[in-house]
Amino acid sequence: MALMNWALRKSLWVYHVNTGACNNCDIEVLELLTPKYDIERFGMVLVGSPRHADVLAVTGACTRQAQPRLQEAYRQTPKPCVVMAIGACANAQGIFTEAYHMGAGVDVAIKAVDPDAIIAYVPGCPPKPEAMIAAAVKAMELIKTL
Amino acid sequence: MSEFVAESQTPSPLEGYVGEILSALGDAVFAVEQCDERRGFARIDPARTVEVARKMFVMDGARFVTATGLDVRDGIDVLYHWAFEPAGVVVTLKALAAGPDITLDSIANDVPAANWIEREMHDLLGVNFPNHPDMRRLILDDSWPEGVYPLRKDFDQIKDRPPLPAIPPAPEEDLI
Amino acid sequence: MDAFGIIGTYIAAAVGTLAIGLFLRWFDRKATAMVQWRKGPPWYQPIADVLKLFSKETLVPSTARRTGFLIAPAIGLAASALVAAILWSAVLRPDVGFVGDLIVVVYLLLIPPLMTIFGGLASGSPHAAVGASREMKLILSYELPFFLALLVGVIHSDWSLQLGQSSVIGVVPLYNISGVIAMVLAIIAMQAKLGQVPFDIAEAECEIMSGVYAEYSGAPLAIIFLGKAMMLAVMPLLLITVFWGGLTATPLGIAAFIGKYVLLVVLVTLIRNTNPRLRIDQIMRFFWFGLAPLGIAAVVLAVLGW
Amino acid sequence: MRKPKLRELKEAIRAVFRGPYTTKYPFEPHVPPDGFRGRSEYNEDDCIGCKACAEVCPALAIKVEDDTAADPPVRRLTIHHDKCVFCGQCELNCTVETGVQLTKTFDMATFDRSELRNSIEHELVICQSCGAVVGTRKHLIWLAEKLGAKAYANPTLILTADGSMGLAEPFADDVAEPLARNELMRILCTDCRRTIVIREVWGE
Amino acid sequence: MSHKSMISIGPFHPLQEEAEFFQLYLDGERVVDVDVRISYTHRGIEKLDESKTFDQVPFVVERVCGICSASHPLAYIQAVEEIAHVKVPERALYLRTIVNELARIHSHLLWVGLAGHFLGYNTVFMWAWKYREPTMEALEIATGSRVNYANCKIGGVRRDITDEHLKMIDRLVTGTRGDIEMLTGAVIDDPVLHARLKGVGVLSKADAYAYGACGPTGRGSGMPIDVRRDDPYAAYDRLDWNMFVEETGDVFAKAKIRLLEVLESIKIIKQAVHDIPGGEIDAKVENIPAGEAIGHVEAPRGETFHYVRSDGSNYPVRHKIRAPSYNNVPTFKASCIGADISDVAITLASVDPCYSCTERMCTAVDAESGKEMFDFAQLVKLSQEKTERIRKQI
Amino acid sequence: MLGIWEDMAAQPILIALVFGAIVWLSSRILPLLGKILAIAVGIWVILCCAPIVGAAPMTFAPLASFDIFGVTLKVQFTIATLSSLVAIGVASFIILIAAYSFGHPERDRREGKFYAYLLWSLAGACMVVWASNFFVLLIGWEIITIMLLLMLNIARKNNSVEHPQTRRKTGFTRALIVMVLADACLLLAIILMFALSTRPGQPLHNLALACPGRHLPVDQFGWTGYTVYALLLVAALARLGAVPLHLWIPAAAGAPAPVLACLPGMLNKLVGIYLVARVTLDVFAPDTTIQIIMMVVGALTIITAGFKALAQHNLKRLLIFDDITQVGYIVLGIGTGTALGVIGGLFHTANSVIYGMMLFFMSGIVTRASGSDDIENMGGLARRLPITFACGIIAAAAISGIPPFNGFVSKWLIYQATLGMRSGMGVAMLVVAVFGSALTLASFVKVIYSAFLSRPPVDVPKSAMEVKENFWTVMPMIVLAACCVMFGLYPQSFIDSVILPAVADVNMDASGALVYADRAMTTATGGLWNPSVAMGLILIGIAGGLILSWILARGKVRIVRPFLSGEMGTDPDGANDDRFRIRGTGFYETLRRLPIIRMFMKQ
């Protein structure tokens, strides 16, 4: 099983969920793929379906419309998986906390579906790509202990 | 009527390019609130929005920018913004949607660009556009109750928030 | 050959081809990364990917036909393993080949994409359905020029449909015009068969969300992954066997063989990195009205002995 | 000049030979440029707890809690970095300019959201009459210093400042009701002070 | 047709960074109808802004859309400045220009990369984003963050850029010129890209006007509009640059325009860095009088339009935002129907859609909502009222 | 007349005719009787024929004879291996059809007459295959023609009942015209032969058929020979539905599944192929020109019918066109003129009848279970009809030539035969054949998806929802599927024991174009390829993959909703939103936009 754990750590596939972000976090998530940051060197790739994913990169403030879809996407991700709440909006709805069209918040919405979900918070507005890499490294460390 | 503007600004005389545009609309214009080199604000007859829109639409270089809905005491003020390039002119025509059912004629049939903004004003402010080609919900979520208009002044964004949508149920968990 | 021998050959060929295929997957990704100013994944990446996928949960959509959905990738993998076994035995022991094995190979090569289609359709996802229909159209498109190209090889090896024979005879059609044309056709068709850009329409991520593979996860996805690796190893092998002299058991021959292999994979990588994805009707036009007449010309030339 | 695919090929070959453009980041530290807007932190020495930062924060990421029940009463200013949008308003609008500052820290990722805090506590000065918050001691001292001689117009300020200097003993805590003129020389909130003045002017 | 098959693009689409739900109704591979459902990113911040002052609104507006985070605040601020009749210092205008043009380079290259990815041409994606990297670095140096600039302020800019940094920005940006020229050539000359892009998703000039298209989408269809030229703001009227217009209206035209504009932006930045005057960066603004005004700015995707109304308090009464995508996205009705799924995907991408923009917030605070107001006279009045109240209590 | 009971050929024919008449008379009163009698007579015919397989040909004494213009026309039967095999085939298929019809309720009492037609056509078929001369053959042929038209009439009436408002053209008239013309050709050919055979000493004397050692080069008679051959070919090909004489076949599309299964499915194919094979093998040795014509016709049939099948939206029509493509392969195989080709062609005949019937049976259940024969209105049947689904997949794989099913083996033989010609012509045919099987495959992807795998439409009629599989509908399909697999896995034994003797039996001419010595060509000696071994290896591979998954994943399986890129659809389950149902009918719409292909794709 140590082998499997190693494999999981070395091959985190990311699915990107935008729950109502302003784009900046999304751009920075994409930025991770590009030559400057190239997360493929850690075995991470962006995939097109949550079924393939090990990491849900959630950006955005989780609007009312996006919330049930986020919950569904989480459910459709094979476990074990890590939810990465990227940016102020995904962490705590940031500047949009009081707006009327907000859902419950990314972590609350996901915990409502699965109380044991692993949620990594990456603060920043948006976080620097370096910060996301650091978060990924921390996630790998966490997986080691699973 | 918007009391602030009405109080603070005296109607300017029609001048320049903006004046030409406004005068081309004829008596559909009730009052000109501002008219200078690059900007024009005028109030038009709410019953004649379509006619005005048609006239504006065929003007040389005219482009429908957007419309703004604005909750004022007498109803909803709808501001149609038209841009004219390359003069860099923006003309704003105001029409008041008043009355109990807050209705205005839709210009979306003549100006496709107005399609979404009218749907949006219907969503957020409750303005009715009876002859709109496609009046479905655009901008509010599926679980948002009908008849709650968040941009109205009597809506408090924290207190009046409708309950959140339910968590989608999991499909039955039978093993293969 | 007794039963154990056959099964042994099969398993050895499957495992060996998988190992080569996984290595080539890495090679492909690394080369891509280098071309794109990136560092690229470490050498063990494909292995880690496969192991991880196996260890994950398997999700089955509620709309899927479960048995078909889950078993289709395995059938595809088994069929490509069989192709690998036939090809390797044709390359390594040309005497054990049998008449008509080329047609067998061509048809067996149909099974992996067919199972992809079937699995996609069985998943009940609309994206997969569109992806599957595209994959089928893709098969229709490339099958014609691909077969024409193979026929050129066949004609040059004295009308023999036997794989080993062409290697034994050592016909190197690259020395003649029709052979060159056929080789080009076969390389393009190989690109399509491997589902790489510009022919990756069946899984076009940005149009139909991974298409046929959208619903797969966990172990079946790992098997699909293995199947693709296997195909990546098998297709160049087929091309070398049919067109490029196969393997001669001398040190130089082995070196040449490896060199050809690597060159073909590099070509696949290069083509996929310097082209946008084509539209399905463009692909069909390209194959049917562009490449197929070329293939016919090549066949005519080959018949004439050019 | 049309050179289809040749340019790309040249660039591809260049890329292969020049080596990757990729940062070495997790293996080598990364230093953001000057002026980078990172994690904001209170400066223990300079912050006076005036809560101007909380007022201007567009994201409402700075929470102010006044704990009057504690002894001594404290005000806790907390920056929630999970909510913070790193706009720099707090730094820009800080009363003392250096009380809260954005650092270059960018890596704050965590699995525990409660780690994403930076807080500072200040002793509060309480109205001796009604118990309302007057302000933090540091704020009042800072005001007194800023106002210089003018600070003597307000006994609250001068009392707080002097109290810290130990020059004058504060009055006992027992405040007579109703508030009378002599109570003015106590630490009072603006409301109580106003009440005294009004009572003084208009009488009972 | 009795039954409509639907393929959805979105809401969570791998490369469409934002959530939106395109419903492509199909006949085979051919798209016979397109519908879109938005609201996934509708954050409805208008009510939130009851607690946002004129000075705080730029931060909210910046987060309308990440890629337009330079132009939305600028448009808003120009509207407010028009209400307040502020004369902005020259240096501030140049600084605004520099940041806006950097953002344009960043946005256009981003689009080129994403379009490449949409077409499965990952190399273009990677290369474009690599060439964009120095620009991001320059933005970080100039503003302290890679994408949210927080540099606009009513009356000027929030922070100055030192001469040393200006030179560095110039060096970084000019250094990418060769690469971008290469990329431009590679995209414009590629026969396979021609096959995929030429004649695809054509938006005729008449349709472009009817849908009110703007920015590269409009210019690609032969609409000669550019706010920077038509209604100059910042320092654009002091600099020398060209506007590109293509008549064909297809995706290729839009791609070409964007690539050429990147080169033009580099030119603008070079001039601005060279010409920038010294002096103040910030004009004092006492208070915002009552009034209404319009501010518009040429964002990378087109005209960003803001309407602000003030009643003399610290809060806007109404702040209407119209992002370019709001008008550009509905043009799919005219350009997508009858095309293949693949073509529709790239056509939708070609307007550089931005859903968070489209579902922007409209800052609408009504004057009668009973909010406190903090100008001096009102404070005095409040104080008097309070005095009166206490007096009554006693 | 006493001889009839001793005549092993005349006896079953007579029985079939008589029982047919009984069924016809009693069809209104005793609807079950027809089916039972059909099965009984079928078994009787098989029992009669079985001993003859492999034995030397037997010619019985003529039952009657007439002298016309110096030619003796005898009513006489000869039983040989090939003819017995065809008769056994026809009989067993009739049994299966009758069995299937137990589970397939008639819509109309009139359909009871169908079993009478069935029996009569069995009699006709027997007459054709056992005929000693062209005269008897003609009689049998005409019986079949009449039965065919009667059956088509059922289809026509059926159609007008089902689609009264559309009044869709059934093409009955077209079928009638084609049939009449084809039979006229046959008649003309026989008259010409009659003219030829008047000359005594000629091999065709007395219109004899199946005379060993009298294999004639077709050019022996000059243009008359060609004409005769061509006319015979036209008659046979029209019956087979080869292009361009396929126009009549879609007329059957409205027929119920049992009718459909015997219409183009088996009767015509077996009898038509028999005629072609017989004429080619026995009477006239075709020369190259005729071979080329046959091959071209075969290739054209493959391509045209293949594209037509792709374009169809009606399940039955689609299957009919796919069935026609198989005729193309057979004609192509026989047209090569090599032993391998003929063996392949005959084997393919058997195979194509097997899976063709299976597909038509499948279409019957599917159509009833979805309440429509338009594939647009089908879907989700895999869950309701699992066995039909499995059989459908096997049949589809077999018809598309996917190894290891039977279709692949016979196609493989035909391919090798074409290549064995060592000419550009052969290569061209090979390419067409391979491409044609890809087309077939494509059309079956559409069918399997639309009928079984796609989401069910929301508006399936309630009566259709209640349709279930039962023993009688499923059993014939299982039998046929087993045949598909067996013939696929062990083709050698079938070829060795059945096809080779049949060919050997009719071809005694050592100097002719047909050489039966090439057994090695069909044998995989010492190689890895052997369908059964390959199948075993594939099974090992699958098992390996599954075991690997099981060990590593330890069976963590969870049911989730389908992933619709995050959207959920209108209803809470997300699965029943009709908008997300992608129609299989749209799969190949792209092809309609391509030049040239557009012409093939016309509906």
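Letters are used for the chains, namely A, B, C, D, E and F, taken in the order the chains are written, and counting of residues starts over at 1 for each.
Definition applied: contacts are C-beta pairs under 8 Å (C-beta built on N, C-alpha and C of every residue); 3 or more make two chains touch, one makes a residue touch a chain.
Remember, it's a predicted structure, so these values are computed and weren't measured experimentally.
Path length between chain B and chain D in the touching-chain graph (shortest route): 2.
The interface with the largest number of contacting C-beta pairs joins chains C-F. Among the other chains, D has the CA centre that is most remote from the centre of chain F.
Of all the chains, the one whose CA centre sits at the greatest distance from that of chain C is D.
Per-chain Cα centroids separate chain A from chain D by 31 Å. Averaged Cα coordinates give chain A a centre that lies 58 Å from the centre of chain F. Per-chain Cα centroids separate chain A from chain B by 38 Å.
Chain C and chain F have Cα centroids lying 34 Å from one another.
Multi-chain contact residues of chain F (touching two or more other chains): 552, 557-561, 563-568, 573, 580-582, 586-588, 590. Multi-chain contact residues of chain E (touching two or more other chains) are listed as 5-9, 11-15, 19, 26, 28-29, 39, 42, 44, 46-48, 51, 59-60, 63, 123, 126-127, 130, 133, 145, 148, 190, 340. Touching of two or more other chains is recorded for residues 33, 35-40, 51, 54-60, 62, 126-127, 130, 133, 205-206, 209-210, 214-215, 218, 273-274, 280-281 of chain C. On the chain D side of its complex with chain C, the touching residues are 5, 8-9, 12, 15-16, 18, 20-22.
Residue ranges of chain A in contact with chain D, taken from their complex: 35-38, 41, 88, 91-95, 97-98, 107, 118-125, 127-128, 130-135, 137-138, 142. By the touch rule above, chain E contacts chain B in their complex via residues 38-39, 42, 44, 46-48, 50, 209-212, 214, 223-225, 227, 229-232, 290-294, 296, 303, 305, 307, 309, 311-312, 317-318, 320, 322, 326-327, 330, 333-334, 359, 362, 364, 366-369.
Across the complex, chain A meets chain F through its residues 4, 17, 49-51, 68-69, 72-73, 75-76, 78.
Residues 33-40, 270, 273-274 of chain C are the ones touching chain D in the complex.
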